[in-house]
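What follows is a pair of complexes built around chain A, which joins chain B in one and chain C in the other.
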Partner chain A sequence: MQEVKYIRDDWRQTCLDALAGEGYVVLGPMRDGEKVRFRPCTTGSDLVLDQVNSDYPLKEAFLPKTERLLAYTFGPGGEPAMTPPEVATQKLAVLGCRPCDAAALVGLDRVFNWDYEDAFYNQRRRESLILSVGCSTSDDRCFCTSLGLAPDASEGSDLLIQPLPDGGARVTVVSDKGRAFAAAHADVFGPSSTGSPPTVADVPVRLDIEMIKPWLDAHFADDLWEDISLQCLGCGACSYQCPTCHCFDMVDETHWQQGERRRNHDCCSFSLFTRHTSGHNPRPTPASRWRNRLMHKFRYFVERFDRRACVGCGRCMRVCGAGLSLIEILKTVAARPAEKPVQEVTA
Partner chain B sequence: MSDTHTEIQSGVRAVAARLLSEGRVKTVLGYALGALNETVPCFIKRAEDTKRLVWNARCFHNLATYLPREHMKKHFPMAVVVKGCDRRAVNMLLKESMITRENVVLVGVPCGGMGEPLLHKCLYCEVRKPEDVDEAIPGEPAPIETPREGRFDSVTKLEQLEPDALWEQWKGHVERCIRCYACRQACPLCYCKRCIAEKTQPQWIESSPHLRGNFAWNVVRAFHLFGRCVGCGECERVCPAGIPLGEINSKLAKTVRERFVNYQAGMDAVTPSPFTTYDLGIDNDEGIL
Partner chain C sequence: MSVQSRVEPVGAGVTVDYRPYRMIVRKITDETADTKTFRLEFADEAEGSAFSFKAGQFGLYSIFGKGEATFCVASSPTRQGYIECSVKRAGNVTVALHQLNEGDVVGFRGPYGNCFPLEAMAGHNILFVAGGIGMAPVRCVIWNVLDLRDQFKDITILYGARSVNDLVYKHELAEWRARADTHTIYTVDPGGETPDWDGKVGFVPTVLKESAPSSIDAFAVMCGPPVMIKFTLPVLLELGFSKDRIYTTLENRMKCGVGKCGRCNVGPWYVCKDGPVFTAAQIEDMPADM
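Up next, the complex of A and B:
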């Protein structure tokens, strides 16, 4: 049974102040133009929590869309000198991400500590404290419950905050880090109230996710891939705004005698993603790229990390310019028999 | 859905069914309803599926963007449902030899404008009934009292800003760019097999989504569409970063009109395009219109 605490009132500002007091830089969903993304926040009322979810995913806090890995210069004689990589030293806290975004971090943690421990990601992540906020509203594209999560799921969070009708908030203590933080701020995190329960969004289970992998296992070659890819425009909006997609590219940018090596988000929908120097492309068609997108999320990632690379946040569907729906594609797959029909061999 | 929409929708379905059953086309590219009742592009292969086709005020997508793609070729000949703005894009694709007329059957739809309220581009539309189509769907779009003034008001405001103020405003927009290239992929005229943004030797545009790289990309995208952009607005609609690309495109449209005798891209498939026409007969030093 998880320990439950109660914050009396103005939980946004109270939490922000407590985090700032411990030297955290706090990132929260903030307005940027007409979009909402995770930005440093000091004023509780700036947090945008009346939108179902932020437009940009939480991942950019830990895996920025672009970051410098190292810098180099060439001396007068042409000899190179390298500036060591700058690893972030700020302690990051997140206040106001949704449970799906917090759960996505667990998958990213596995990737960046698998065959190689990524110093840049881990430095940001190791010291981080995640205070997620449970969902009281959802939309037709939310499908966390189909992925084994929920609007009040606690996976990946250190503390799960659920605002209450009385203006306070119910706080579920999830991790040891969260427990230590709550204990250090006993004035903020008081004993649990017996008042009215938090509102939890009703997100219906939209498909049987257990049906997906068996079909994928048996259908590397299938007409479905072309059928779904025809409508696709071939941009990277879905993966760049996906909280679990983590592919990156590394580039050197040189300006005269100096330059830097950067890591940028990349995306398997692009033809360039797999194109070889020779010109050969092992994923030459939109159909083969769509197959990879689905296979990676629901088959390869599962085999490697025992979890899916999807948390059901629905962003891919909200941003798709061609109106493609991952829910509908998964439903199509789930409705198909997993076993490949035995084909008659004709002489 | 208005009566006009219902009438046009029946017309589109009937034409699509006829084209498929007569074997005139292999595929019909039109609009259908998605699971959430949103309007989405759809590819129809069989006459009995043509009842999925719809026409309403949310047929935003410019379907011409699919036509120049390599993987579409095996689905040709293809009938494609076009609004006036989409027809203009088809004109540009024909003029730039990206498609051949015989491969496409144009199903022209009278369009009263998209969106509720109407999109800005629709208020000033000059091609509400696409011409030179193979199948003209009958019907009269509800009249728009097209205002003759005000089309470029927001651009004029931008032009009046001090450079520093303009920079501050656009720095904010461009910083949000994630380089997903949705703008490029949705654009019917961004069809290069190898985009300049992908070239590395030399690298013209830094691929990093930092301010410098993002400015380079967004400015070069605009340069390459000067005198070619038909103003369909798809780039802005699909941008997940909410960058007001329509403002840039309006600036392009305004400038090309001012400098090239009221030229508007895609009004026909023969008038030489500024900047992309090379003709030694042209009376200037460079032979470039």
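Up next, the complex of A and C:
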């Protein structure tokens, strides 16, 4: 049974102040032009929580769209000298991410600590504190419940906050880190109240996710891949907005005597993603790339990291210019028999 | 077989910050019209003496300002103090590599990936089959084995290229041929021979079939272009080599080299982490994603 606390009023500002008091830089869903993305926040009322979810995923806080891995300068004779990579020293806290985004971090943690540990991701992530906010609204693209998650799921969060009608909030203590933080701020996180319960969004289970992997296991070659890919523009927007997609590119950029090696988000929909210098491409067609995308999320990732690389946030569908629906694709797969029909051997 | 059971955590607990070693280009050898071998030494002696690798592992070589490219280490781990890579001029980074002079500085990250099972191969016969620039990873194993010659039984090297001009490591080919403890078969594709060519003329699979090296108590190490692998593998099986004892090394486009950037996978297999060295049995298990 998880410990439950109660914040009396204006939980946004109270939490922000408590986090700032511990030296955290707090990232929250903030308006950035027309979009909502995670940005440093000091004023509680700036948090955008009336939108179903932020437009951009939480992963950007820990795996930025672009970041410098290495800097170097060229001397008078052109000889390069490296300067040590910059180490992020700020402690990051997140306030106001949705439970799906918090759960996605669990998958990213596994990727960036699988065997080799990624210095840059972990520098941001190890000290971080995740205060997610449960969903009271959803839309028809939300399908977390089909992935074993929920609008009030706590996986990946340190504290799960659920706003209450009285202006306060119910706080579920999830991790040891969260417990320590709540204990250190007992004035903020008081004993739980017996008042009205929080509103939890109703997200219907849209498909049987258990049907997906058995079908993928048996259908590397299938017409479905071509069918899906014909509808896809290959623009990669779904990957950039996906909280679990972690693939990246590494490029050198130079300006006069200065140079740097950067890591940028990348996407498996692009033909250049896998193309060899020789011109050979292991995944030369949109169909083969779509197969890899779905296989990676619902089969390979499961085999290697024991979870799916999808949390049902629905962003890929909200952003898709072609109106492709991952829910519909998964429904199609779930409706197919997992086993290939046995072919009769004729003499 | 689950993917997890295949993974040997070689880098467990190792933090990777993608910072390369600073390497000095010590020697450049022209192999063919478009392929050069670079001998790189560690600029920092302490880094160099702490560095070790195993035959088959790869690294990311970089030109500052141009980027990184993935190649196997083509020199043997028994030759310490330097690493070598053989590079065909093809893309941005390789063109820049080809413009280097001796004394220039490049970057190297690694070693990454798994290796050829030299310990299991000790005490057995070894057949090396290489095609074209595919000789680079094979050469690493050949020198490793030759430097520990008394640990292995018969050694046969079958190497083919499109033409005499396309054969790499020509001086070493002569050196291997001159050795009494090594059996060599060199061939060039029909039409690729020169008047003074004294090797065979024929494609690698054909020449392999004709020379029919014994598969008894033997391992095979093979690397070459996909079309060579495709037609050579059946010949090896026909000769009686076991799928578990035919080793090859795969290449795929990579960025990180350490299982993060998500592009080198062949189906569920990550070339950077589960490979680059695979057995023929494993390759057979792989989906058509190459």
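The working rule: the second predicted complex is superposed on the first by the 343 of 347 C-alpha atoms of A that agree within 3 Å, B and C clash if a C-alpha of one lies under 4 Å from a C-alpha of the other, contacts with A are read in each partner's own complex, and residues count from 1 in each chain.
Assume contacts are C-beta pairs under 8 Å (C-beta built on N, C-alpha and C of every residue); 3 or more make two chains touch, one makes a residue touch a chain.
Please read all numbers here as calculations on a predicted model, not as lab measurements.
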| item | value |
| --- | --- |
| Combined model on chain A where chain B meets chain C, clash or fit | fit |
| First, second, both or neither for A:Asp140, with chain B first and chain C second | first |
| Which superposed partner A:Phe74 touches (first chain B, second chain C, both, neither) | second |
| Partner chain(s) touched by A:Tyr300 [first = chain B, second = chain C, both, neither] | second |
| Apex chain A: angle to the C-alpha centres of chain B and chain C, given in degrees as a multiple of 10 | 90 |
| Which superposed partner A:Val251 touches (first chain B, second chain C, both, neither) | both |
| Contacts of A:Arg289 with chain B and chain C, given as first, second, both or neither | neither |
| First, second, both or neither for A:Val319, with chain B first and chain C second | first |
| Contacts of A:Cys268 with chain B and chain C, given as first, second, both or neither | second |
| Touching partner for A:Thr66 - first (chain B), second (chain C), both, neither | first |
| Superposition-derived minimum Cα distance between chain C and chain B (Å) | 6 |
| Residues on chain A lying within both footprints (that of chain B and that of chain C) | 249, 251 |
| Contacting residues of chain B [partner chain A, same complex] | 34-36, 38-43, 61, 65-66, 71, 75, 172-173, 176, 178-182, 184-186, 198, 206-210, 213, 234, 237-238, 240-243 |
| Interfacial residue positions of chain A with respect to chain C in the complex | 69-70, 72, 74, 79-80, 82, 84-85, 111-112, 114-120, 122, 220-221, 246-252, 254, 259, 261, 263, 266, 268, 273-278, 280, 282-283, 288, 292, 295-296, 299-300, 303-304 |
| List of chain A residues in touch with chain B within their complex | 32-35, 37, 55, 65-66, 140-141, 229-231, 233-237, 239-241, 249, 251, 253, 262, 264-265, 267, 270, 272, 285-287, 319, 321-325, 327-328 |
| Chain A-touching residues of chain C, taken from the complex the two chains share | 2-4, 7, 9-20, 22, 62-69, 90-91, 94, 104-105, 107, 226, 251-253, 255-256, 258-268, 273, 287-290 |
